[in-house]
Every structure is written in structure tokens, then in C-alpha cells.
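Two complexes come next, and they have one chain in common, chain A, joined by chain B in the first and chain C in the second.
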Partner chain A sequence: MTTVSDQPTSAVARRRSTTEIEQDTPQWRKVLTSDPAARVTSLLAFVLFWVLVSALYDRVPGPVAVWTSLVDEFSRGEVFGNFASTLYRFGVGVALATVVGVAVGVLMGLSQLSRAFLESPVLVALSIPAIIWSFLTVMWFGFGDTSPIVTTFLTSVPFVVVNVAQGVRGVSRDLRDMSATYDVPMGRRVRDLVLPAVTGYIAAGVRFAIIIGWNGVLLAEWFGGGGGVGYRARFWYDANRYAGFAAWVVLFVGFIVLLDRLVLDRMIQRSFRWRDSR
Partner chain B sequence: MTDQLVMGTDTGPSTPAPPDREAAARRTARGRRWRRTAVLALGWVAIYAVWEAASWWFGSRLLPRPHEVLQSAIEIIETGNFVGDFSASVLKTFAGFGVAALVGAPIGYLMGRSRYWRAFFHDGVTIAGTIPAIVYAVMSLIVFGLSNLGPILAVALVSAPYVALNVAEGIRGVDQQLITMSEAFGRTPRQIRREVLVPTIVPFVFAAIRMCFAVAWKVEALTEVFGGRSGVGFQIRTEYQLYDISAVLAWMVLFIAFMLVIERLVLAKAESRLLAWRPEERGAAL
Partner chain C sequence: MAVLTVTNLSKTFNLGTARESRILDDISFEVSGQTFVSIVGPSGCGKSTLLNIISGVEEHTSGDITLTSDAGGPARMGYVFQDPRLLPWRSVMKNMMYVQDDQSRDTVARAERYLDMVGLKKNADFYPGQLSGGMQQRVGIARAFAVEPDLLLMDEPFSHLDAITARGLREQLQDIWAQSKKTVVFVTHDVVEAVELSDRIIVLQPGGLIYEDITIDLPRPRRQSDKAVATLQADVLARLETLKAMAAATEPVAEPVA
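So, the complex of A and B:
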């Protein structure tokens, strides 16, 4: 952090110490180039860009139009019901994916043979696009809760497996050899050696699963007809009312960003604490 | 990596072991390799079995059996239609990568070099990385309508954040001693940029593109499903609207196989050629 911030200034003006430069910079410049100011500037730049694009292309709704349709949607009472049903499907799917993914990933990381066996199924599962799953599950299970749940599960489980397997393989080989030498029972090996080392990878895998699964649930709802966020967004898209669609985009992007920032990022940093705090 | 190490100790020709022990070690190594291949094949058999079982469960109208899909895949190949659609999809994907590299690499460069620009771009780049692909696909359609530019924009939007983050990471990892040395020898900042910084960016751009290749072609196909006029996604949508599921799956299988081949052969080769000047890092970059 510090080395990066020092480097450019010292490269531009050699022969002057950093404290001299620090004292020379006027106060207003310091305020303008501070980190929070940079964030505000980037937000303003984004809004400006949005306004410009919406002025250039009349198909793109501007911020004001999106805001009004967002308020409309809230006053119609469509937001909470649809969000609740989507969240239920998404939660069940991701929870299933986490449980199954961790189990399979630990198995895959621990033994060579199971890795060889599961390698190709995981590769295949990773490469099947979410759209195919949503097509298939909508046909299989109809317009209900099942098809988004299954789509979420199927799209996100391979990511959990891959991450967990990588974490398990990264467990210190010496410790594993030692527990093999001393005949430590498998249950204790998993509980005391593997799980603490793998928690961070599980967290990273779950984060991936959540981001991928959110896309899966939206797609399944888009092509299914059983209500939910994706269905509602499609409703506005099909009606050629892009402001309504953009309002829903704001809602579900805002949701995933908040979830990622407030919950997942912290979770990951917490579980990698033992490694990163050097 | 660990397997190779284990193998190496087993078969290592340099170890001065008695011939009978060496032969025994060779035999165990061969046996292990053989067993691994057998289990790998068993994995494919398992995929086939699960597919057969599922299509028996759902009925072959809802999930066609593997050999039916194979048949439609052969039909698609025999008619020769696939060449045009495949090349359209691949070209759009790579065009999107080009745009992503052009936009993402400078952003990553700024983020890696200056603290202000890092604070400026950081939020936007991380948020752009978490936005679901469906949003990019539909947004590109709204902006460009039914044209080939939509998929390109979607691929660019999906991969630019990866490129930016990776390049920023790479720039920050540049050997500071090299920069200090160049300054000590009186190189201008411009020379440092061209000779030290830019060569270090290239492998990171490539790594980013390889990393997000799997995501990118799926987004490309998704955009075509929503509103393309050519390409694999367009064919998938057409067949889905005709309820010809075995053709949908056949297109998907062909596309996945094709993209895996591109990923393994073309990208890996290009990367190793570009990185040939630093052989010691080739292993680590993968």
C-alpha cells in the first residue's frame, strides 16, 4: 500500500524528498486527490457517462426515468413479493450447492483416485452454460420454484467443488504425511487439519457460487413464468419499457453488490486471517 | 504438480538404484498411471450413465439420450452450417477480448501506478465483476439492438474488469529494483514505461483473458440467445423455439468441445510463445 503510493511521486520529481513534496502540495489539492474524493469523483463520472449515453441513444433510459419507474414499482407493491420468492429459490439453491460442493471438494482434494474420477464430470459441469440449464429445468419442472432452485444449484456447485478441492490440496503436505504416519483417524484429520486450512477456500468458493448462482436464478426466472425478480425484469423488457427493466437491474445488482461487500468480502478476509496477517 | 514430484522420485533415471529395484519402481509407476487413466475413463462412463439415467427418468422428449444428441451433432456437422456460426461466435468473442484489453489494460495500468486512480476505479471495477452476465447480455441488446455489436460489447464488459484487476496486480508486482536501476542509469520515465512496465503487462493481460475465457464465450452465446442474428446462441434459440432439444444439446456439446479446444490449444500456445522470454515463470503463470 505505502510503497505503491510513494512510487509515482518519487518517480516524477526526483531529488526532492517525499516530505518536501507533501509540504509543497496545497491543501485543496490534497483534499481533491484523497481517496474518498476519488470515489465521489468516479461516482459523478459514472452518472455523467450514463446521462451522456442516454442522451446519445434514446433506447437507453436515463437516471431520472429509471428512478421514477423504480418508485412506481415500489408503490405498485411488486418489489417485496418478487424479491422474497427469488431469495427463497436462490438461498435454497446456494445452500445445497455449498453442502454438496464442500463434500465433493474435500473428497476430491484428499484422494488421488477420486480426483481422477471426478475431474471430467467437474470439467463438463463447469463448461455447461447457465442458459442451457435454465432451458432444461424449465422444461423438466415447469414454472415453479423447482426450476430456479435446480438451475442455481447446478450452475454454482462446480465452482464450490473446484475451490474447495484446491484448498484441500494446498493443506500442508508435511502435516498430512505426519498424520498419516501417526495413524490419525480420518475424522480428526478432516476436523483439525483440513477444515481450518480450507475455510478460506470454502468462503471464496461460496462467493463464486453466489455470484454465479444469482445469474442462474435470474435466467431461470426469465425463461420460466413463476414470478420473481427475473420474471419481472423480463416483463418490462418484453413490453419495451427499458426504464422498468433498468429499475430491476438496479435492484438486483444493488442486492448482489451489497451482499458481496458487506457479507462475503468480510467473511473471506476473516477466514484468511491466519494466512494474510504477516 | 505433486503427482509429478511423486512420479519423479519413482522413475527418476538419475537415481543410481540396482536394476531390479529400478524396474520394480518403473512397474509401480506404470501401474499407477494405468490405474489413473482407467479411473479417468470411469469418470466419463459415469457422465454417460447419469445422462442415460436422467433421460430415462424425464423421458427422451424432455432430455434426449446421448446417442440421439450425437446423431443431431453429426447431422449439424454434415450439413456444414456450423462453420459459419462457429466462426461468427468465435470472432465476436475475440473482438470483445480486443476491446476489453484496449479498455482494461490502461485502466489497470493507472490503477497499479497511482493511488488516486486506484481509489477512482476500484469500486467500479469490483462492482462490474459481480454484475450477473444476464444484465450485460440484455444491456448490450438494448444499446445496440439486433446486431453483431451486442455480443462484442457483452464480452468486453464481462472481461474488462478482469483485465484491469490483473494488470493492476501485475504492475504492482513489477520488480521495484528494475525501476530503481533504470532511474539510476538515467532512463526517462517514457523509456521505463516502454521497456519495463509494458512488457510486464502483456502476460497479465493474457492470464486475465485465459481466466475469463470460459465466462466470456458463455456470455457471448447468451447474448446471441437473447437477440443475435448469427452464431451458436442464435442456433440454440432457434432450435429451442422448435422444441428440438436434441439439436439444442448438440449445438451446446459442439460449442463446448470447440471452445475447450481453442482454450487448450490456441490460447495456451499463444501464451507460452509470448512468455517464451521468461521461461522460469511459465510454470508459475499457469
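So, the complex of A and C:
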């Protein structure tokens, strides 16, 4: 087959510069293909999906019903007290899990003996679900703050340990040898070499701790009573009022997302300033 | 007085199932204070392994290593590696201070002085990633001198750099060494470099034996354009060529041990 073309046989490929591409792209396209636009679209798609599902199934409360329930809870004065209780328990549990998890993870990453000793207990703790810990802690500590704090801590600490230990084991062998050659004290090695090197792993561990920990705190409050978001969610669940139940879940999920975006994300960006300075 | 004494040092690597590779074989030598000693030899003759053993990064199979400090107390060591090995998340100055015993003002001033000697005082607040490869290696050299070591180990520190940068750094190293007179053990595969920098060259042969110990008595500072330097470089190079030919004719290093 013969192809007839008026184009020259030897085409010259020309790559456009970024300035040219920038100038040629229309403004509407830049906005639509930006990161914020993708985030807003994702959120809108989720709300649309929620509206559709709630229209099809009456056991799924829609966004408007959930919002109305939330406003009702505010007007009844239930939100601040319960939310503050949960936040306190969750905060203490996650903070403890972070401190203990980083310490144990660093130890496991640096010492072969510690790893051999702690690997199995951490694996066991990792495989115990939050619901089991919540049952156990309610049996051990009864109602009150201790049970949700301990549940949050126990469910989240193994994730921090595993992430940090993995990160420490991956710290550059060259830099460790350099530190050993110069006889750098162990405390300074941990502070200046190990911890900055595993910042990403610590951040990932804390993210896991937050996600897993909030399951723990809600379940402990669900079964343990003593107020809090989990307690109020159960109250509405028992009353067969799913919108009330969902309102509390949405409230806490919203809080977790904001915490991640506004606090954790910025902390991570700050700790990686050295990488962005190149 | 000898700062470093190596006596009957051997190193074998276990290759599994009753196979061993002998890297260093019963070698002994001494390094006197304020001398610059280079260790040269073909690839795989155990130069870097010897340096790692002296520094304590690697363990030796048998023999003895003694380090003596002028000040009494434990001997202090500095190490310049093939690559700079700087903490990327710490500034140049913080990298200098990371390896210092004490964090006093005097030590900071000393670190600044050595940074100044390598021409990087104004870059003290930079992160390593903001410096070129040559500049990073200069920080590595300044860091090693700034600990005021009794013994300074250097493992092919210019091998990753381009020829012009390497030459500049060699000249800078000669100047710093002339001022500080630290005891240096310098590993290199570059005979030209060894002759330019050293008071003495120890030539290792494959199998980890000392082939030759050459004393160099030429005035400093030395430049490659000096006739005496060029003649000696050619002479040592010829001896190394003979050694390489000899090595090629012998058996491989790894052999089964009964």
C-alpha cells in the first residue's frame, strides 16, 4: 500500500518549553487540572454518591438528615462536652503510642537482640483487633477515661513501632559507619542521624496510629459508656436513629481529616525542609 | 614515636562451605607521628579493608593494632571517605559539630577555622544538597581535620571527583597538612597522587602482603610539574605495573581452605 502525503518525509520533533506550555494553556484548564480542583471534585463526588445511596435505601441517612441531627445535638449542648472527652482520651492515647512507639521502634531498629526479643509480642499486638482491646480494657478498668485511653494506646502503638523499626533498619549504612568511626555518642546519633532519617516513617506510623486509634477510642466509649463521641453514637444507634449515629461519625472523621491536613501535613513538610532546599 | 602500629594483621572473609578469601595476610608496619603515608596497590589487594579495620568499622581475624595518642587518653581518629558522608538534613556547620567530642565555643571556632581553610566558611549554613560534590568533599576533609585527630584516615577521597576538582583539592590538602602536620594514612590507587602527597608509600599486593615500602624524600609543596616528582611517579608506576603483571600470573585470591 502506498501512502500519499503532503507532509515532509523527515518530520522535525520540537519540544516546547515550560514557559510556552504555560502560556498556551487556557486559564479554565489550569483551574480544572489543579490539585485543589481534584480535591473538591472528589468531595463532591462522594456527597453525590451519598445522596444517591440515601435516596435508594431509607436505612442510609442522607447528608441533610445528618446535618440536621448534628445541629440538634449542638442545640441540646451535647457536642462540646462529649467531643472534648473523646478528644482528650484520643489525644493522650495517640501521644503515648507515638512516644512509646518511636522509642521501642528505634530500639528494635538499632539492636538485633531487642528485635529478637520484641518482634513476636509486637506481631501479636498488631493482630489483636480494636474491638478485643476495648472489651478487655472495659473489663480491666471499668467505665471512665482509662479504658478508652488504654484501648487507643494498645491498638495504635504496634503500628508506630513497626513503621519506625523498619525505618531505622533502613538508615544509611555509610552514615552509621561514619558515626561509629568518629565515636559519636549514641544519644547524638539517635537525635541527629536516626530520628531525622526516619521522619517519614514516624509520620506514617502516627497517621496509622490516628486512624487505628480512633477506632479504639470509639469502641471503648461504645462499650464502656462514660460519655464521648462513641457513647453518643451508640445512644442514637440504640434509639434506631441512624442520622444521629452518622452525625457523630461524620463529626469525628471531619476532625481527623482536618488534623491530618492542617497539623500532620505541615509538620512533615517542615521536617523535610532540607530536601526542598536543593 | 609511632602513632599507629600494625602487627601481624590478617583478615579473611568466610565465603561459606569451608571457603575463605584471605584479604590481608600477616602484615606489619608502623606509622610515625606527623607523617603522610599512602597505601597503594591494585584493586582487591585489601587497601580499603585495611583502613576499615584500623578505624574499627571492620573486625580483623588476627593480629594487633595499636593507636597511640600524644595527649595520653584514647587516640582520636578522623576519616575522609570516598564519598562525603554528610547528614543531608543538617547544615554544613552542624555536620562539622556532629562528630566533635565537646560542643564548646573553642570547638565551634576550630570547626570554623577548618571550614575557612577549605574556603567554605561562608557556606556554613548551607545544607549539603546545596553544595557541589567537590564542595561536599571539602566539608568532609574539614570535618576530619577539625576533630584534631591523632590519626587521619583517608580512603580514596578524590576518586569520585573530576580531574580539575581533584587536583585543586590535593593542593588544598597539602596546604592544610603542612599547617596541621597530622598523621595521615591515605589509601589510593593513583600513584601520581600518592607521590605528590606522601612521605612514604606502602605498596600492597593481591593476597594482602606488603610488596614494597618506599620512602619519598622530596621537598614540599610538590606539584606534578616538578621534574623530580614526575620521575619518581614514573618509577613507582613502573614498579606497580610489574606487580600487576605478577598478580595476573598468580592464582585467584579466593581459594578453599582445608
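Here are some notes:
Definition applied: the second predicted complex is superposed on the first by the 223 of 278 C-alpha atoms of A that agree within 3 Å, B and C clash if a C-alpha of one lies under 4 Å from a C-alpha of the other, contacts with A are read in each partner's own complex, and residues count from 1 in each chain.
FYI, a contact is a pair of C-beta atoms (placed from the backbone, for glycine too) under 8 Å apart; a residue touches a chain by one contact, two chains touch by 3 or more.
Computed from a predicted model, the values in this text were never measured in an experiment.
Residue contacts after overlaying the shared chain place A:Phe159 against neither chain B nor chain C.
With both structures placed on the common chain, the touch criterion links A:Phe208 to neither chain B nor chain C. When the two complexes are overlaid on their common chain A, residue A:Tyr182 makes contact with chain C while staying clear of chain B.
Between chain B and chain C, more residues of chain A are touched by B. In the superposition on chain A, A:Phe245 contacts chain B only, with no contact to chain C. Applying the stated contact rule after C-alpha superposition, one finds that A:Asp174 touches chain C and leaves chain B untouched. Applying the stated contact rule after C-alpha superposition, one finds that A:Phe117 touches chain B and leaves chain C untouched.
By the touch criterion defined above, A:Tyr231 reaches neither chain B nor chain C. In the superposition on chain A, none of the residues of chain A is touched both by chain B in one structure and by chain C in the other. Of all residues in chain A, those touching chain B in their complex are 3-5, 7-8, 11-12, 14, 33, 35-36, 38-39, 41-43, 46, 53, 57, 59-60, 112-113, 116-121, 124, 126-132, 135-136, 139-140, 169, 173, 211, 214-215, 218-219, 222, 230, 233, 237, 242, 245, 249, 252-253, 256-257, 260. Within the complex, the chain C residues that touch chain A are 55-57, 77-79, 81, 83, 85, 87-90, 94, 98-99, 101, 127, 129-130, 147, 153. Across the interface of their complex, chain C is touched by residues 174-175, 177-184, 188, 192-193, 196-197, 274-275, 277-278 of chain A. By the touch rule above, chain B contacts chain A in their complex via residues 2-3, 35-36, 39-40, 42-44, 46-47, 58, 62-63, 112-121, 123-124, 127, 130-135, 138-139, 142-143, 145, 172, 176, 179, 183, 189, 192, 214, 218, 221-222, 225, 233, 236, 240, 245, 248-249, 252, 256, 259-260.
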